[in-house]
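Below, each structure is written out as structure tokens.
Two complexes come next, and they have one chain in common, chain A, joined by chain B in the first and chain C in the second.
Our next item is the complex of A and B:
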């Protein structure tokens, strides 16, 4: 253990305690009665080929996920209840339908298995431009465009942190699979923030402009429920983020950027897998009226997105990043238009998949124009 | 590579083609500083050091916008350690080394595991709630807290796995709310209060126990669990120590307030109120510990002797944290809880 800046560097783990002075035994009349307090005994979960996973231990009553939990303590699911325990909190997400996804339990383990470290796993030395480096630095405008691109992605990650942070503690403990998965997403978002900021600041650089903020505002101000927030976070924002990662990887200028985008893409695909599964589950369970409500909810949000997409900063930066120069920016912008079209197509596809009747006909007109964009594309 | 002259030509040509490019000029001229501001004007969620736009609504409305309320030195290094030392409860614990145990030992292990599965996520929900209330300008604090949330999730997970891996099951839940005098970790609305209570007292006590895990482990899997969790917990405690150290150095006018949080924490540490210290006297978990430490339900007298020494170790390590953070004056000026002094120096 090394936490050098802490006073904890002398753990002496495993040492025998210093004192052996005796103390009278606990005098509680109920001494050791807890030894019989279990709802199900004899459980022996076995490790599989991926070790002992959270799915492996969902056996017997411990795997029964309730449709609703009114337990306001932090009682682990399946633990022996104690009468008269005061409430710890007033959880607001107490129904399975409000947060559940069957795949959360596996995605949690996958997130841990696929963990990576930005300061070690990204070959930062391949960025070029550092003292004594033999690699060519990027042309100035490409470097500036990359910084702008990465500033936007860092902010998207930071907003994701805020969104999950403000919902996680509202979730009832009966659904620990979802809470623990979202903890991994929170951790991923911190890593993405840190890594893109690091890229933007590489070689003594500075950051770019902040985001226009329309969708960030929607994400942070969403209060109707986790499902509604998930619709914004995954289908609306996540679809774009994943595309930006894909294009970032496809047009990367060096191994560091390629690796960074590739790793982040893996993480984001996992986040999307949870988000999509939850949304589909919630809509399947709640029915067409709820789906219609979500479709109507997106009306105003789509107008905000259309306004945000008119802002040229991200798109121009991406055009330069893709083209590799300002001189060929028009070619880069053709590819950006393909990205924008794919964004809208994937948005519609995802909405349809989760059960919301969102089509080109009822898409906001400001967004529908992107569907008509088609440019010859190498991507 | 393009020369300055023909690059300017390219830019002009691009502008003539309808591109804006004004942002490129702004980036070239960005002089946003690298020093962390004492007060954060950032209410739009922008990345620290990025260029603000004037037309973005102030939707961030962060509660914590003052550096001295949340800051600590060396957090970037601590965050990197968080990232580097992540582990998997599925594959890094040698589950195959678990052999059937006598029923009383298994029950005690399961009771202790139930306790940890319950309380470890307290330390996940609460810091998680704080992250979204802090200005992104203080991203170092946010990063260590979200890394703590990740760790605590894994702790919930690994102890639940232990309870269900060896013929046992989850046992009695813990009442973590009753008899708490003063503020609770859950209810804290101020970061220093939270950190004093959660990192310094609560997790500090658990850290001592994890470090002594060899004493209560009956196989390599349990040893690995306690060893790994101790590493994690030490980082969480470090957040609190580093924060209090900063407060002592840069915000001394709040020392008395911090001492009052420590008063409450010590009271709970010594009395066992709230059930957060599993080794405290007369709580459910201390009985389970006595069974494990003694070697069976008929040997709890021996277990209680060791448990008493563990409490002494908890107190020693707590005093060490106070010293490191600059709050050890309370040990000698009569303010420290007398029950802790008695544990520290029973003679």
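Our next item is the complex of A and C:
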């Protein structure tokens, strides 16, 4: 229902007794002075091929991203400040360098425009067994291995949700491009958690063992800053998660798993794009001392990772998933070794890209051993 | 020669890629997968094709050279025989089967399938960010009557 602009538009005007309420709704021009209070008039944005995007409306002052913001009122960036509004939050991330990435605004749109729904976009009926019976169910050992694999991925996703959630409310609203992008990542990780649970439980199944949790604890207990946490979340953990999704897609046993892993792979690569861009920006801005500090910070985390990678449960499950049977597990384990080698290679590559001098020489020795692994992939 | 007398399209050729471009740009399912912004090279033996995606469409296809690869987000490279195998498999199955998806080929190939020419990890990762759309693009070739140079 719209409010009449003038008395002429309102046929009942003047027929009702006056009241405080009607006075407060008086629409005479002199009572609408707030309409003149703005920091900038005349902003126009034109929709492009993507529609009207967040980047499109970053026009004039509304597109100005401050180096620092001390506004604690949750005022949308560019809104007219009102004297006396009490503080509603006490943000701790108030500098652009602490969270910014130039690509966040476009990644937000990409997340929205490439969203998917697990219950519709995954052809669950192709799993076989109890859902659709269109295909033979997997051998029990492969089904159990898949459930273990998916249990690990569900746990990684739930950790991601909690990690981002505990940092998001510390971020100043002046950087809404980052906050809204991270909101999509929260939604993605929630969906990944749910979708991998669905896969694990779909065929009358069960969940497997929880992760040893060393890196989960590091992620959740990181207090040094968002940038430091992002290094753990995206470069250390994200590199592995993306690889696990890629192997899940490559060795899937049916179209449902193919779609599930591929869609998650897309999301994870998008998350990585923000994390890498932010880390590179922060390091470029803060300089080599900061980069050196990040490199040293990773020493302890790498030791934890090396300990966690000795746990055989995920790797054995993955070897069976890849090989398609316990009998051929050795072939699957050869490919698992390739995955572990790739993980370390990509970890070093990504560290170099963001500006941290992490090499095989200063990598934890418990992790460096994986760099030498190269096995023939199963046909 | 890009097309045979029977209307079949020769792979690889500009007309073959343009036929896929037309298919996906008129395919609501391709649009439903979401916006895609990427410049992709396809290197088939000595031949290079440059494919540009913009918003919800494949906006341009052109023939290129190896010198173009340095400016692209990523390029896909396999031998002509492996490309032919992929296109045949796609035709036979109405889309790549489980062992011929782009990501699978990327993991299985000794040197991978997709790479960025300058080692830019951020741009190389676009291959994964829009992978479902790329898969749909190549899967659409199942609708074409493709012939290979020896058959044309």
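Keep in mind that, in the parts below, the second predicted complex is superposed on the first by the 344 of 379 C-alpha atoms of A that agree within 3 Å, B and C clash if a C-alpha of one lies under 4 Å from a C-alpha of the other, contacts with A are read in each partner's own complex, and residues count from 1 in each chain.
Basically, a residue touches a chain if its C-beta (ideal position, glycine included) is under 8 Å from a C-beta of that chain, and two chains touch if they have at least 3 such contacts.
No experiment lies behind these values; they were computed from the predicted model shown.
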{"item": "Fit or clash between chain C and chain B when superposed on chain A", "value": "fit"}
{"item": "Superposed model, chain A: greater residue contact from chain B or chain C", "value": "B"}
{"item": "First (chain B), second (chain C), both or neither touched by A:109", "value": "both"}
{"item": "Which superposed partner A:278 touches (first chain B, second chain C, both, neither)", "value": "neither"}
{"item": "Which of chain B and chain C A:50 touches, first, second, both or neither", "value": "both"}
{"item": "Partner chain in contact with A:265 - chain B first, chain C second, else both or neither", "value": "second"}
{"item": "Partner chain in contact with A:34 - chain B first, chain C second, else both or neither", "value": "first"}
{"item": "Smallest separation in angstrom, by C-alpha atoms, between chain B and chain C in the superposition", "value": "11"}
{"item": "Contacts on chain A seen with chain B and repeated with chain C across the two complexes", "value": "50, 109, 113, 115"}
{"item": "In the complex with chain A, residue positions of chain C that touch it", "value": "33-37, 54-57, 98, 101, 103-104, 106-108, 120-122, 125-126, 128-132, 135"}
{"item": "Chain A to chain C touching residues, read off their complex", "value": "48-50, 103, 106, 109-110, 113-115, 242, 246-247, 249-250, 252-255, 258, 262-263, 265-266, 268-270, 272-273, 276-277, 349-350, 353, 377"}
